[in-house]
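What follows is one structure encoded as C-alpha cells, with my remarks underneath.
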Amino acid sequence: MWTSTSMGVPESVLLSVMGLSVVMVTLIILALVILVFAKVMGSSNAAAQSAPRPIPDPPGISDEVCSMILAVICEELHASPEEINVTSIKELK
Amino acid sequence: MWTSTSMGVPESVLLSVMGLSVVMVTLIILALVILVFAKVMGSSNAAAQSAPRPIPDPPGISDEVCSMILAVICEELHASPEEINVTSIKELK
Amino acid sequence: MWTSTSMGVPESVLLSVMGLSVVMVTLIILALVILVFAKVMGSSNAAAQSAPRPIPDPPGISDEVCSMILAVICEELHASPEEINVTSIKELK
Amino acid sequence: MNLIAIVEGLLKSSGYATMTWQQLVMLVLSFILMYLAIVKQFEPLLLLPISFGIFMSNLPHSGTFEYFYQLDHWYDAGILGVMYMGVKSSFFPCMMFLAVGAMTDFGPLIANPISLLLGAAAQLGIYCAFIFANATGLFTPQQAAAIGIIGGADGPTAIYVANNLAPELVAPIAVAAYSYMALIPLIQPPIMNLLTTDKERRVKMKQLRKVSKAEKIIFPILVACLVSLLLPDVAPLLCMLMLGNLFRECGVVERLSDVAQNALCNICTIFLGLSVGATARGELFLRPQTLAIVVMGLAAFSFSTFGGVVFGKVLYAVTGGKINPLIGSAGVSAVPMAARVSQTVGSKTDRTNFLLMHAMGPNVAGVIGSAVAAGFFLTFFAH
Amino acid sequence: MNLIAIVEGLLKSSGYATMTWQQLVMLVLSFILMYLAIVKQFEPLLLLPISFGIFMSNLPHSGTFEYFYQLDHWYDAGILGVMYMGVKSSFFPCMMFLAVGAMTDFGPLIANPISLLLGAAAQLGIYCAFIFANATGLFTPQQAAAIGIIGGADGPTAIYVANNLAPELVAPIAVAAYSYMALIPLIQPPIMNLLTTDKERRVKMKQLRKVSKAEKIIFPILVACLVSLLLPDVAPLLCMLMLGNLFRECGVVERLSDVAQNALCNICTIFLGLSVGATARGELFLRPQTLAIVVMGLAAFSFSTFGGVVFGKVLYAVTGGKINPLIGSAGVSAVPMAARVSQTVGSKTDRTNFLLMHAMGPNVAGVIGSAVAAGFFLTFFAH
Amino acid sequence: MNLIAIVEGLLKSSGYATMTWQQLVMLVLSFILMYLAIVKQFEPLLLLPISFGIFMSNLPHSGTFEYFYQLDHWYDAGILGVMYMGVKSSFFPCMMFLAVGAMTDFGPLIANPISLLLGAAAQLGIYCAFIFANATGLFTPQQAAAIGIIGGADGPTAIYVANNLAPELVAPIAVAAYSYMALIPLIQPPIMNLLTTDKERRVKMKQLRKVSKAEKIIFPILVACLVSLLLPDVAPLLCMLMLGNLFRECGVVERLSDVAQNALCNICTIFLGLSVGATARGELFLRPQTLAIVVMGLAAFSFSTFGGVVFGKVLYAVTGGKINPLIGSAGVSAVPMAARVSQTVGSKTDRTNFLLMHAMGPNVAGVIGSAVAAGFFLTFFAH
C-alpha cells in the first residue's frame, strides 16, 4: 500500500498505533473465541473429567522397562510374575 | 502409444485384459524364478540351518539396561556381580 | 593458470614437487602454530587440570532410569526413598 | 494516508472479504479430513498433512501455493509450492517407496511364491475402475488409468502414476487412495464372507519354511532387474522399493536402512502430504469428476478384493484345499492392514486359525503387482 | 611455466594477498560471535552457524557464497549460496516455526486467555523501533518494519519479515535478534523491577485449570484459520507454527512431530544459520546502518518489556490484584527464556512464588502476537 | 488397436529388446560391486548405493538419470538425475565432510603436531599418480589431477575435485577411491613390512599428553582460517570439515553435531552414492581410461603408503628412535582403517605395542593434507 521510499515520524506513529491496535484486536478476538469455545465444550473441566485422557507414560518409564525390572526382581526372589503385584512405579527426581 | 483423448469401452476392456495378463505373467515369471532360485541355493532349509543368523536382542532390553539392573541388585544385596547369575530376563506384556 | 589440454612429464614433475612442497609447508606451519598455541595456553596440561570438564553421564544410565530403579527397589523393600542411599551405579559390560 | 484508508486496505486484502464459496467449501472439507485423520485415525500420517495442505492452499491470498514451473522464479511459489518440487520430480513418491522397501519383509512371499499369483489377481479392481472411468466419458484415458491405480491400494504408486499421467488429479486420487486404505477393515470383510464358504475359511495352512539370508538379499535385486527391464517406465519407483529392501536385508548398511525408514521418510511424508493437498484448489476440485473418482476408488478397492478372494478360491480348488481363500484379499496390498483383515476374518470363523503370516505373502506381492500394473499404464500412455 | 611463476600465482590468488580491511574486520567479528556463542552460550544453536557463515563468506575468493538468483547457474553459487535457496524461498524460517510449534505447549494460554492481551501489549517495542528507524532517515519504511520486528523476539519471524521486506538486512537483523534473545536475562529484570512495586511482585496467581485434549487440538486450527484469513501475508509462517503444534497435540502422528522437532529442525538450523551469516559481506555490513540496527534492536526489546509489564499493571488494577504484572514481560516471547525471567524476578521477591506456568501463557502468546504484527507490516509494505 | 500391436509395443519398449552390450556389462559390473559391498564389506555405506546407481542408470529406457542441466526442465531428469543436483553443486561432498568433521577427534594430532608432517608425506601418491596419468597421454591435466587425488584416500575430497575438474570421471574415481580404501588392509602391510626393519617396528612411543578443551575448540577455527586463506579454492570443503569438528568439540550444539553425523550424513550418503553411480553410463565408462584410472588409483595408494613410511623412517632417524615408522602409513587417511593397519602390523611384531592412538594423529592429518593437495590442484587448474 505504501509506495514512497521514506516515511515521516507522524505517519510512522499513525501506522504504529494502527498496527498495535490490529495486534490487540486480533488477540482479543482470539481470547474471546477461546473462551466461547471452552464454554461450548461443556465447561471444559467437566468435559475433561468426563472424558479423562489416557495418562501417557511418564517419559523414561516405558512398559518394557517396567516389566523387565519386574522380571529381574522375580528372578531374584525366585517368584513367578503372577505372585508379585507392582502397584506403582514412581519416578524420583 | 495411445494418442486419442478418449477411449471407448471395448478398447478399455481389451487393454484391461492385456494389462491384467501382463501383471499375471510377470508375477508368474517372478514366482518361477524364485522357485528355481530356491532350488539352486541347495534346498534353502539346509542352507539356512548351516548358516544360522545371530538372534538380535529383543527390542527394549538392551545390554546396558540389563547390566545396570544387575548392578543395582548387587548394590542392594551387597554382593559382587560375579556371585549373581542372571539366567534370563523376560519381558512381560 | 594452466590452459593447455595436455601436460608433459617434466612439467608434471615440476608441478608435483611444487604441490608436495605446498602441502609440506602448509602442514609445517600448522604444526608450528599448534605448538605456539599450546605454549600460549600456559602449558596445556596445567590448564586442562585447572578446568576439568564436567564428566558426562555414561550413555544408557540416565537419571530417570536410575531413579526408577531406586523406586522399584523401594517398592520391594517397603522402604521410602529417603532411607536408601545408592552411592553409585556401575555399568557392567 | 489516514486511519480509515489503512483499515479499508486491510479489510480489502483480508481473506474474509475475498473468500469464494469454493474456498469455503474446501476449508470445511479440510476440517472434515482433519477430523477423520485425528479422531477416526484414517491413515493420519498422510491424511493430516494432506488436509492441512488443502486448508492452507484454500486460504484466500495466502500465497502458500503456486505451481513453481509457471513462475519466473521458483522461489516465489510459496512454502507449499516449493515443497511441490518434490512431487513434480517424482522424488517424494520414490522416497516413500524407499521407506516402504526398508520396512517390508518379503520373507513370507519368498517362502510361498504362489502368493505372487494372489497379488496379481488382486489388481483386478485397477482395470475395472479404468473401464468404468472411460465409460463415464468424464476422463481422458490417462486420467482413467491414474484413477484405476487407486485400486492398487498403494499411496506412492497412485501418486506417482497420477503425477505422470494426470497431475491435475493428484489430490483427489491421493485422498481417495489413503481414505479407502484406512477403510479396508470396513470394505473387505463383507465381500470376503460373501464369497467364501465356512469350510474354506477354516482351512489351516502349513507353516512357512525359513528363508535364508542370501535369498532375501538376492530377491530385491532380482525383482528390480526383471521387472525394470520389462517395464522401464516403472523402474524409478520399483528400484527404490527394492533398494530400500536391499538396505534392510543386506545387514551391512544399518545406518542407511534406518534413515530411509525414519528421518528421510518422515520428512518426505510431511512435504508430500502438504503439497499434494495444496494442489486441491477449490475451483478445480469441486467438480463432478472428483465425486466420480471417489465412487470409482471404492469400486476399485471392492473389485480388487473380489479378484483376490476369487483367485484364492481357484487356488483352494487346484491345491485340494491347501490354500485358504481369505488370504487372497490381502493381495490388494495396503500393507499390513489387508493382511490383518485376513487374519481377523479367519479367526472369527475359527479362533485357532492364524492366517497373518500367510496373508503377508500376497500382501507384499500386491505392492509389486500394483507397480507392474502402473508400469503397463505408463508404458502405454506416457509416450 | 616455472617454479617462480607458480609461487607467484599461488600467492596472488591467496587470501592473504587480497584481503580487504572489511573482510578482516568481519573475520574478527565472526570470531567474537563464535566466542559469545560457545563461551557465553548466546543462543549457540543459531549464533554459531551464523558466525561461521560470516567467517566463510568473508574469506577472500573462497567462492562459498554468491546470490544464486544473480547467476546463470544456481549450482555455481557455492556451498552457502546453495543453502541460501532455503532462505530466499522462506522455506527455512517456516520449517523453524514448524519445529517451534511442535515444541510449544499452548495449554497455559488456553487455560488463561487473558495471556493473549499481555502477548499483544509486549509488541510495543516493534512499533517504537519502527518509529525510531524511520526517524533516523537511514532506512526505507520496509527496512524500518523489518528492524522493528526484532522487538518481537522471534528469530524465524524476524528472518521471514526481513527476507520479504529488506533482504539486504537479513544478517544484521538475525544477529541482533538472537543476540538480544540471549541477553534477555540481563535486559529485562531492571525494567521489571523499576516498573513494579514490591506488593505487585508478591502476587500469587491461582492455579491454572486443566485444558482438555480436544481444546489443545482445536486451538492451532482455530488460530491458523482466524489469523490467516485476517492477515493472509503471514499465513505461511503462522500455519506452519500451528501445523507443528497440531502434530504435537493430535497424538496420532508421533513420527512427524518427532522429525519436525529433531532431524528436520536441526538440518534447517544449520543451513539457515550458515546462509544468513553468509549474507553479511563486509562491504555491506560495515555501515552506520548496522550499528543503528543494533541500537534499535535493544530499544525494541526494552520497550516490548515495558509494554508487557505496564499492561500487566493495568490488568493487576482491573482484576483487583489477581494478575502479577511480572508475567507481562514474558509476552515478548523468546520462549522459554522470558518466562524464566519472570519466574526468577518473582521468586527473588518471594521465594515461594512460582510464576513460571503463568508466564508461559503470555510467553507463547507473544509468538502469535509477533506473527500478527509481522502480518500487518507485510500487508502494508509487501505489495 | 489390437492385442498383437500392444504386445509388440510392449516388447519394443522393453529393456530386453533394446539393451546394448555396454549396458549388459555395466549391469554385471554393478552386481559384482554389490557383491563386494555386501559380502566382502568393501565400504558398503557408499559402494552399495554407488553400485545400485550404476544398476539403475544402465537399465535401458528407465529414465532414472539425465544430466539435469542439459534439460529444459530439471524435474524431468529422473529420480537419480534430481539427486545429482547435490553433486553438481558440490553440496553432498561438503555435507559428507561436515559429518567426517563431527566424527573426528583431532586430539591425537594436537597432542603430537609432528603427525602433520607424516600426513603431508603420505600425499606423495597423489603426485605420482598425477605424473603417471599425464605420461599416458590419455588424460587432460585436469583429469590427471582428479585421478591423483584418489591417492588422498578421502572419498569426499576425491569426488569434490573430480566434480570440479573432470565431472565425466566422477564415477570411476569414486569407485576406485572407495574400493581401494576398503582394500587398505591388503595394500599397505606388504609395503610397510618391506620398508621397515624389525627394530623400527618394535618402537614403543610415549603416551600422548592430554589436550585441553580450549585447544580442541580453537584448532578447527585455526585450520579453517589459515588454510582457506592460503588456498581459497578448497575453502568450502575444508571449512565444512572444520565446522563439523567445531560442532563436536564446542559442547553447546549437541543437536547439530548429532544431526550432522547421523540423519543428514546418511541421507546425503544415499543420494551421493546413487547419483555418482548413475553417472557411470556404459558407453562412457567402458573405455581404456577407466582401466587406467583403476591402475593409477592402486599406484597412488601404494606410493602414498611408501611416502608415509619413508618419512616415518626419516623421523625415526631424526628423533633418535622415538617415532615408530609404521604410523607413517596411516597418513594416507582412510580414517580409521589405515590407523588400524598400523596397529595390526605393529602388534604382529610385538604383541604389547599399541600404536593405534599414535597412528590416529597422522591419520586425521592425512585428511587435512589431502584437502591442501586438492586446493593446490584446484587453484592451478580450475581458473
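Order as written gives the chain letters A, B, C, D, E and F; numbering starts at 1 within each chain.
Simple rule for what comes next: a contact is a pair of C-beta atoms (placed from the backbone, for glycine too) under 8 Å apart; a residue touches a chain by one contact, two chains touch by 3 or more.
In this text the structure is predicted, and so the values were computed from the model without any measurement.
Counting hops only between chains that touch, chain A reaches chain E in a minimum of 1.
Taking A-D and B-D together, the pair of chains sharing more C-beta contacts is B-D.
Distance between Cα centroids is largest for the pairing of chain F with A. Although chain D and chain F carry the same sequence, what matters here is overlap: shared residue numbers make up under half of all numbers found at their interface. Chain centre most remote from that of chain B: E (centre = mean of CA atoms). Averaging Cα coordinates per chain places chain A and chain F 48 Å apart.
Chain B and chain F, compared by their mean Cα positions, are separated by 33 Å. For chain E, the set of residues that touch two or more other chains comprises 6, 9-10, 230-231, 263, 376, 379-380, 383. Residue positions of chain A touching 2 or more other chains: 1-2, 11, 15, 18, 22, 65, 69-70. Within the complex, the chain D residues that touch chain A are 1-3, 6-7, 9-10.
The touching residues of chain D, counted against chain F in their complex, run 69, 85, 88-91, 94, 98, 217, 221, 224-225, 228-233, 235-236, 239-240, 243, 246-247, 250-253, 255-256, 258-260, 263-264, 376, 379-380, 383.
Listed in rising order, the residues of chain B touching chain D in the complex are 1-2, 4-9, 11-13, 15-20, 22-24, 26-35, 37-38, 41, 44-45, 47-48, 51, 53.
Every residue of chain F that touches chain C in the complex is listed here, in rising order: 110, 113-114, 116-117, 119-121, 123-124, 126-128, 130-131, 134-135, 137, 140-141, 144, 209-215, 218-219, 222-223, 226-227, 230-231, 365, 368-369, 372-373, 376-377, 379-381, 383.
Residue ranges of chain E in contact with chain F, taken from their complex: 6, 9-10, 13-16, 19, 27, 31, 34, 37-38, 41, 44-45, 48-49, 52, 55-56, 59-64, 73-79, 82, 262-263, 266-267, 269-270, 274.
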